[in-house]
């Protein structure tokens, strides 16, 4: 049991991070907070992937005359793509937030919904 | 003029960074240096003559050892202040106008002031003059101002 | 153990000491303007020391050149960042702490 | 070992700075702390490179050295004019 | 030694993320997110993921923070704090919603923990992920792709098509931004 | 029994479907439009008629159009049972067309094009039901009837019309989707086919409970047969223009319903299976209940069309009841009643329409003395009513006779009493009208202007058809050979050649 | 930000170096860490720095947003074209070894370099576009 | 290699190229964009058609990207299922592209039209990339392209509410995408491969492992979120109803279908049927949720007054059908499910296109706005009626065919109690569509006249006359709705493909 917990410490941290991000993403009213939560959420997954790649005593996956034990390069590659997706999503989300602010004058989800019902513009 | 200089500078920088000389790399080094030079030559060395550039660079390099010495000296002072349990600080804001003419001069002076412990530039500009936050009272900056002016070549 | 390693060790020690002290300063000092002193430059010096130590360890090759470039850039960039920060705070009206004020 | 100890010292320093970064009280304090952490990161990356005996990852440290302050400048501009353009 | 640094940094990571999420001032939140990114870069280094660290460095330091600040500059900085009355009015609904979401989060957490139980240990050299496909990349990429960086070899050659997808994603984001925010000149 | 492959059944359907298009295209020229209607009616009747000799000779005409999906085939088969229905429907369509033309012209209805299109569409579908070779095809046309008749019911576009139409479609579509389709699904998955086979396809395929469920679902799903719990759409649909009601109630919709019931009973389950399950008796009692109840309700109705509607409900149940007897004579009676009731009821509706057109009367209580004003109409009405009651020498007698025989064959003696009682009830709701029309004095000084002395018939376009149909009702008593033969062929096939 | 002489001066000095460094990262993706995306991000950052130091107006004079619109497309186009060229040369999509070059090593190198440049161009252009569109206030 | 062998990649690359060039085309000549889009989507459609033919002839086509053998490189797989989905997506894309011209002119700012087409094509690219790929990570990448372009397209809606709809979708879409990514990670961790076919070989040994179960759970939840299975549908109604008409149509017709397809892939290709049914009883859960979706979607649709929202909720119900068919895991039901992907695309496409026409012409998207339109726009309304009949599942329409297969499949699976679910929802569908149809034909138009003249561009605008939409909008709409009938009558063709596809999926062919 102890070994399971200690042997996978990276994974536990990733789970914790992910949950923090996930909760922020769904529960926070502020839209920018949601985006921040999203960022954390996605980074957590990257951490998970990169943790898969790690090998004890391994070295970075760039050819090197000394070592013969490399870390797994594939997850790294995948996560480069992941980061790009994350940045793109963040950018689009921010653009939407700016537009929402322009239209409603608020970036709080519940306020915006109230304003939508009332048909007015806040602040 | 500045284009060529920037190009050469960039090429040198590339070589320092790279240390590889494969065919593709060398070709791309040249192309990329040209590209950067094209894009940014007026930024790095906009409107500066070659001779004054060399003079200023030499003077700046000559200025550096003194600066490092000052930095080192004053650092110990900060360490002393920091670690002293009594926290012997008495900050003040000094305002003065060094009457520097060039941007580079102002920058050098401001950053030098910031680097030498005990003082941090909090405002610097041609019009507004300098405002310096000092940890202890009575910081003396005149020597530095003179030296920077010397670099600028205004004496 | 060659001489480079020893010098490196010494410089690393000094650098780390500087950095640690700077951090203590950041923690201890009473307000923003005083904190910026250790954070802005004691730190810088410490970092420069560490990197120069690494240069000595490495000897002279392209890697140590790169280290040198890092040092140079750090020395150029750090004070600018410090200045930018101080200026931002100053412009938006943060009052410098005077002796006898309350800690912030 | 030597690098490891140095790195640990820097980690300790980073923790102290981070405390300031989270506690505040003002946003300037936070930014100051984060900025300071940024420079520590440069060192740490370099040291980790040496610990793994693969120092040519200094490229990453160089990135931080070169562009880490952009955020600070953006912050300055935002505080000063309220806009970034 | 690296492990120790990594563990410490992992905890710092959690502290940072909690702080970033909890702060009321969005600017501070952004700043702390910057710290998060820095810490993450170190962790990537510790995990030998240099390319990822590089990306994190260039994106985290140069782009994300600035973008969020830009968004703040065009919206508003503070998180809206409702007045006492309003808060009282919506308290029940909010509690219910947050409670439900918390339970959802907890469920996900449970599933993840459950899934982690059977994973190979962290850093296990015999883990299946390390073999099968990855072996070939490490052993053959120099002969087949003539590239020293395995990550680049996979990125550009073995899975080059993924990279095309990735570029398309970025392109999409660019066009999206033009669509959403560009003002027509007329 | 030979099978002849020929597209004739499909042509019969197509003829009026083509008419739909032609009518739509000539919406600007009323005369041409109505010509198409009539022409299609005649063409259809001719086609149907041309198949008659073959069918009477005991052959079956089959045509497979296409396979929608594996197991789902649109195919047509003209057999005796379908022929019965198709002949009636196609003949009555011609008559109704004339009547309709007279009706809509004299009431100046709007959207006549839509009206005629829907009419033609409904007829196509009715023939489709008649000639369907499998349950799937039948279901399709069953639904098409629903959709085509909807515009007819909602024709007036008043609130009342629309709500009536809504009820109409909810009942018909809802039940058919919910129950009938379900039953079809279950049937298919049990039997692996949906073809109508004399003697049934479900025998020996599923458990007793399952088959019972399917049977109940079918009976609940075929709402067009207007069995008692699902009957209320029919009075609601009375908001339609009278020719539409005539068509709906005498021919297309309800007959399609009972026809489907008959098909399901005889060709999906089969006589033997139902006997074995004992479901025929259940259905029979159900139908009997409807007959009696609907008749009682009909007596109370003052609105003429509503009274006719309840009469229809009761008469339809005769058909169901007769087939549920599962005896040869019963089936014969059932088949005959489809035809005979059609003629009788359409006459009654035509008469009601004529009264409405000429005098704007809709209530039974207003009809005093109308027989003198509209002698032809009311004589025809009387003939129709007598046929409904089952008085000789009218067609209704024959079918009732066979039903009695069937009940005796099936040894359901209590049922005979029910039949007698229902006949009395029939008389009770029809005869007062006849009595009032001819023997009561018209009330002068009525708010609606009253009845003016002298003959005031409806336009000839309306009177002629209704007289024709009444003559038909009469003729069926004297010359039922064709239909009787057809019915015998049906009986022969479903009872295993017995 | 006219008064920030220091920031402007330092930016002037740094921007060319950052740009060159970005290109260096691009070129050395095969040898060390880095590649098109990182290079693009760094290059984009240099332009962001320019905007921050000298203002949007000056930046738009210098870096036309139309050019970036063009580059946004051009990058993906280059990438895909490399793939299609491989197809035309008889291989599968993105199969560099089929490129008609003397050695496979060169073919692979050129192919990889080509797509990295494509990625680089798109990433730079998009990041700059994103920043331009996000940061620019509407003055109405 | 011949051109035919390159078709699997061309079908992706072609629209991608077009999307990339589109903004530049817009600089040259804005009106060129539309022609360009139409031509490209048509070519793509042709390619899809020929792929379908090839697959039906030769079976599974595999294309190695970069020439690398599958477990090492990325593989494109065209089999019967994916070919069918490709065909659907490309056809709808083509039809909607034709339709888009006038609608886009009206709803999108002029300077953004080229960008709009670009994003539209990216969306198509992404959808088809998701469909055709045989590599789970590549799937994620293309899923994200699809999502990002979709967020943008939705945000272009004319009302400001579109922005919130888009943002909410972005949040949930990102969660979904990341869940898929986690699933990919767990599978990769325990097997070391990303290729679907390879995974299928490697996974059975590991079925007991909790990591595999977790991966499966994340895939299922993430994809359910993407395809808006009932409790996770919250993003869909707003997204559909506030998006521009063109987008509503194309999204409703393709986006969720593609997600459903991916779910099939995960359920049947990556994992095996035995896993779905015996190791984890996920099929029962899916059956439950999809049944709830079928009923709830219809019930909620019943109470809607906005026509787009009504259609959106109806989509939720229809998605329930698709998932239900898959969850029953027998051949007939799966056939129904696959064919419903095809059919629903046709029906919903045509319905949304008609709504788009109405919005284009009158500016009203409320059900009451349909009053009396039967006379004014006979052709569009005929199309709407045909679509509605299909949705109800009247026989001889495509709707009936899918329901037939689903119902028979359900009975064959011994779950005949699902048949009432299908039928009840049919009735509910009938009720809420009939409401509209009745308004179209049997109600008098009230006060539409003023708005009509306001929107009447051609100047011929006498309100009592017809004001049918322009031909570019009318033709695709009508063609789609006629196809609803055509394939309802001649259902043998799609049913044949679908049933052999279902056989293949269940039989384990990759």
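Read from first to last, the chains carry the letters A, B, C, D, E, F, G and H; within each, the first residue is number 1.
Just so we're on the same page, a contact is a pair of C-beta atoms (placed from the backbone, for glycine too) under 8 Å apart; a residue touches a chain by one contact, two chains touch by 3 or more.
Just so it is clear, the structure is predicted and the values come from calculations on it, not from any experiment.
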Core chain by centroid distance, with centroids computed from Cα atoms only: H
Higher-contact pair (C-beta pairs counted), B-C versus E-H: E-H
Most widely separated chain from subunit D, with each centre as the mean of CA atoms: F
Distance between chain centroids, defined by C-alpha means - subunit D, subunit E (Å): 18
Averaged-CA centre spacing for the pair subunit H and subunit C, given as whole angstrom: 58
Rounded Å distance, subunit C centre to subunit F centre (Cα mean): 100
Whole-Å gap separating subunit A and subunit H, where each centre is the average of the chain's CA atoms: 28
Subunit F residues counted as touching two or more neighbouring chains: none
Residue numbers of subunit H (touch at least two other chains): 16, 20, 23, 65-66, 137, 141, 144, 148, 151-152, 155, 188-189, 194
Residues of subunit D whose C-beta touches two or more other chains: 14, 31, 33, 52, 56-57, 59-60, 62-63, 66-68, 70, 73-76, 80, 83-84
Chain-chain contacts as defined at top: A-D, A-E, A-G, A-H, B-C, B-G, C-D, C-G, D-E, D-G, E-G, E-H, F-H, G-H
Touching residues on subunit H, where the partner in the complex is subunit G: 1, 6, 9, 13, 16-17, 20-21, 23-24, 27, 63-67
For the subunit F and subunit H complex, residues of the former touching the latter: 66-70, 72, 74, 136, 139-140, 143, 147, 151, 154, 157, 162, 165-166, 169-170, 173-174, 177-178, 181-182, 185-186, 188-189
Residues on subunit E engaged by subunit H in the complex (per definition of touch): 111-112, 114-120, 127-134, 136-137, 157-162, 164-166, 168-169, 171-173, 175-176, 178-180, 182, 184-186
Subunit A contact footprint on subunit D (complex, rising order): 52-54, 57
Subunit G residues within the subunit B interface of the complex: 3-6, 8-13, 15-17, 19-21, 23-24, 26-28, 31, 109-110, 113
